[in-house]
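Across the two complexes that follow, chain A remains constant while its partner is chain B and subsequently chain C.
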Partner chain A sequence: MKIINRLISNIRVARALLITQYALMIEYRAEIILWAISGLLPLIMLGIWQEAGISKTFGFSNEWLARYFVSAFVVRQFTAVWVMVSFEEDNLEGRLSPYLLQPIMPFWRYFISHIAEQLTRLPIVIIFIVSLFALKTNLIWIPDIFRTALFLVALFLSFTVRFLLHWLFSMVCFWNDRASAIERLLLLPYLFLSGLVAPLDSFPASIRSFAMVTPFPYILSFPSKLLAGHDVNILGGFLALFLWGTTLLLLSYIFWKKGIKNYSAMGA
Partner chain B sequence: MFNKKPHFVRIVSSFWASSIASELEYRFNIIIEILSVIGNLAGSLFTLSLFYGPNNNLGGWNWYSSIVILGIYTFLEGFTTTFLQPNLSRIVRHVQNGTLDFVLLKPVDSQLWLSLRIFSPWGIPTMLSGLILISFGLNFSNSEISIKIILISSLMLISSLLILYSLWFLIASTSIWFVRVWNANEVLRSTLVAGRYPITAYPDSLRKVFTFIVPIAFLTTFPAEAMLNLLSLKYILFSLLISLSFLYITTKFWNYALRFYTSASS
Partner chain C sequence: MSKISVRSLTKNFLITEKVPGIKGTIKHFFKRRRRKVVAVDQVNFDIEHGEIVGFIGSNGAGKTTTLKMLCGLIHPSSGSINVAGYQPIRRQRNFLSQITLVMGQKQQLIWDLPPLDSLRVNAAVYGLSNKEANKRIDELASMLDLSSELSRPVRKLSLGERMKAELMAALLHRPSVLFLDEPTLGLDINSQIRVRQFLSEYNNKYGATILLTSHYMGDITSLCKRVLLIHRGNIFHDGSLIQLTQKLAPSRCVKIELTEPIPEDSFRPFGEILQYKGHLIRLLIPRSELALNLSSLLDKFPVKDLEVTDPPIEETIGKLLKAGTT
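Presenting the complex of A and B:
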């Protein structure tokens, strides 16, 4: 009985957080539209790949490329993570202190605010995709139900893994006040190894196998291919997401415990 | 805006000295910065190499000449980190906190003050790596070097910097009306990524967008053509015209925007 009561109260807290964060995000919807536009990179890369003569050598048809990059665009929209920036700000301006006093791990506050932002992004992304398809009707494809279901699960896991990765590096704030420099560093492997600028199939075998042991292909390439309907190792992808997720969760828990002892309550 | 003030050089040098001093507080950053320069170089060269197969051609550009473009892009990126981003992000903050009043009251041209107040040394390694890429690319594309080419290339690079500055400043000035426009700069930054590759590598529709709507062609492709001695006089004059008119528009637009400034909390 006690467990059920706790569960109910947890769900209530989560709901309240989600509703308030969603209201906050709606306030900034103009900003979110701009964020959404700034994720256009996969579509720019689609242009260059379709034009590049080399695509034939790799056996990419225009249709294959279009589906891949449009899917990558969608995945990128729903795996946007900015926790390092907000955590650094909250830490520098002393807002973290009241958060720590509340009976809820600050982790959840950030996590749920990301989810709320994704909800506000949803209509924007739908409008984007619909107008893209209206402009280029030959791009339209309908993924099958089973794959779409798998895609949704993979998308959520991908977002969680990317979030945990950034959360882990946010802990740097406890020792060094500037985490934003590290965020820029973290962006590099995401850019080049995740499949954002080039499908992993175009990589030389050695670099591809290197990329596959990092978490990056699983937070972009894997869910994109699921949605696009391309060949992909489904079981391996989910296994990698699960393993990276638990590893990062464990590491960030350890560093959180260590860091909080080091916390100096800036501005308090 | 650049009407000669006798103490102009002194003001700017004391601005930059103070901002370097405050940035050196974060010396740990230099390690991260060097790592990211190396990572960025490796990643962008690798991605570029994917487009080059046996036929050695991307939109009519061979491997070495497109490295020149990549070098110019990298240089612009470092320039943004050192000058544009730190200064122009502060305009947004000034408007938000109402501290723009203090800037406007100073006996210095406000656009000049806002554009040159901060010098962030963290972009320097990136700028250097850009220059290295440019000279590497030029060295292997067997292009001749003459005073004329150096002169024209520098002119084109300067006009590319002016256009980039103007784009950032125009967006930052709109914060007078919209206050939080920081993300608009993010949009700009991610669109400019297209400048990593020659403009001819894009399909026709995108090529038009990148020439006439977002002037990306003027930022990287044209300066690179000038360095390789491929740019015709027509385009040289056109680039200069575009950059000077952009600069003129920014000063006009800023003065126009200031008429709508009502100051925060008053």
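Presenting the complex of A and C:
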């Protein structure tokens, strides 16, 4: 009974946070549109690959590439993470202190604010995709139901893994105050090893093998291929997401426990 | 058992120092010079259930650092703290549900949304039902004279309204221990008075224990029977405000209005002359000589009016702290 009450209470907290954060994101609707536009890189890469006419060199058909990059665009829109910047700002400006004084881990506030942002982004992404398909009807494809369901689960897990990765590095703020520089450092492996600028299948085998032991391919390439209907190791992908998620969660917990002892409650 | 108990509490900080100019900047890039600062040094005190205690001292004396340790935000370097039966650094759920910290203008309200949205989140976080949350919101709003303001975005509220809404958010879960750091900072006199009245009402109604820091002595004199004066991380005084005044100001201020001007030198034997304007004189007379000197003054001079007061507490504490730093 106690567990059920706790569960109901947690659902109420999540619901209240989601409603409030959604209302807050709606206040920033212009910013959300700009952020959505800034996520157009996969569609730009699609244009570059097709114009360069090199897809055949790597054994990709135009249709294969188009589906991959359109899917990558969708995945990128719903795996955007900025927790390092928010956490650093809250730490420096003293907003983290009131969060720490409430009986809820600050993690959930940031996690739910990202989910709320994704909800506000959803109609914008739909408009982008519909417009793209209206302009280029040959790009239209309908993924099957089973794959779509798997894709939605994979997308949520991919976002969670990326969020946990950034959350872990946010803990640097407890020692150094500035963590956002690490976000820029993470951008480079993310761009290349996730399959955002080029499908991983186009990489030399050694680099591809290296990429597969990092979390990046599972953050973008894996869910994109699921949606695009391309060959992909489904079980391996989900297992990797689960292992990375668990490892990052554990590391975050350890670093949080150590870091909080160093918290200096600045700006207050 | 005391509601708050602090023993040998010490907090050291390592701060980085940099010499100005290019040379200093380059040196700072390669090697950081760090210095240990003792912010709070072996502090001891107890606060009983339902007490309102003023925590005063100059900037950097260690007030806020102590409050942050008491609510578990920062870890002490050494010593022990017990608040409502809990060790704050463990940040247990039950402990966090019993305390609150209000830090001047530091927001727990969401800037772009009305306070009601933040209050709804707080209600869920503290496990209040909708009915209970609405009841408490109405009650706090009525105590603080807030109603329609709760539906306006926080950024559109005046400073006073924002502070009241901030108090509502901090007290919605009805904490039994309140740590208030400059709760009236920047408020106009009417808002200051309203906040003081509110805190007094809250204390009477719920028996809350309050530790309050403020640079406005009005907050302290109107709310706190007991004060802790902290100076350079040490407790300088722990007792009543009257005791503090007597300890710091062994003299009383006597203001005399005469029917006709009398030369200044005539008053020198009675005490230190603070102000002389012919027929208006302010004297500082030692408490031990007060009765005798007042009687002589009334005998010798054509006194129209006479007033005996304590020197303003701000002035007294200011003098003490200035003396302590030089």
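Quick note on the criterion: the second predicted complex is superposed on the first by the 267 of 268 C-alpha atoms of A that agree within 3 Å, B and C clash if a C-alpha of one lies under 4 Å from a C-alpha of the other, contacts with A are read in each partner's own complex, and residues count from 1 in each chain.
Simple rule for what comes next: a residue touches a chain if its C-beta (ideal position, glycine included) is under 8 Å from a C-beta of that chain, and two chains touch if they have at least 3 such contacts.
These numbers come from a predicted model, not from an experiment.
Judged by the number of chain A residues each one touches, B leads among chain B and chain C.
After overlaying the two complexes on the shared chain, residue contacts for A:S97 are found with chain C alone; chain B is out of touch. Of the two partner chains placed by superposition, A:A134 touches none, neither chain B nor chain C. Judged by the touch definition given at the top, the superposed model places A:L191 against chain B, while chain C stays out of reach.
In the superposed model, A:K261 lies in contact with chain C only, and not with chain B. Judged by the touch definition given at the top, the superposed model places A:M105 against neither chain B nor chain C.
In the superposition on chain A, A:L250 makes contact with neither chain B nor chain C.
By the document's definition of touching, of the two partners only chain C reaches A:R15; chain B does not. By the touch criterion stated above, A:E31 is placed in contact with chain B alone, chain C being left untouched.
After overlaying the two complexes on the shared chain, residue contacts for A:L7 are found with neither chain B nor chain C.
Residues 28 of chain A lie in contact with chain B in one complex and with chain C in the other.
Here chain B touches chain A in the complex through residues 26, 28-29, 32-33, 35-36, 39-40, 42-44, 46-47, 50-55, 57-59, 122, 178, 180, 183-184, 186-187, 189-191, 193-194, 197, 201-203, 206, going by the rule given at the top. Residues 9, 12-13, 15-17, 19-20, 23-24, 27-28, 94-95, 97-104, 261, 263-265, 267-268 of chain A are the ones touching chain C in the complex. The touching residues of chain C, when paired with chain A in their complex, are 13, 64, 68, 71-75, 91, 93, 96-97, 99-101, 103, 106-108, 110, 112-113, 117-118, 120-127, 181. Put simply, chain A touches chain B in their complex at residues 28, 30-31, 34-35, 37-41, 44, 47-48, 50-54, 57, 176-178, 181-182, 184-185, 188-189, 191-192, 197-198, 202-203, 207.
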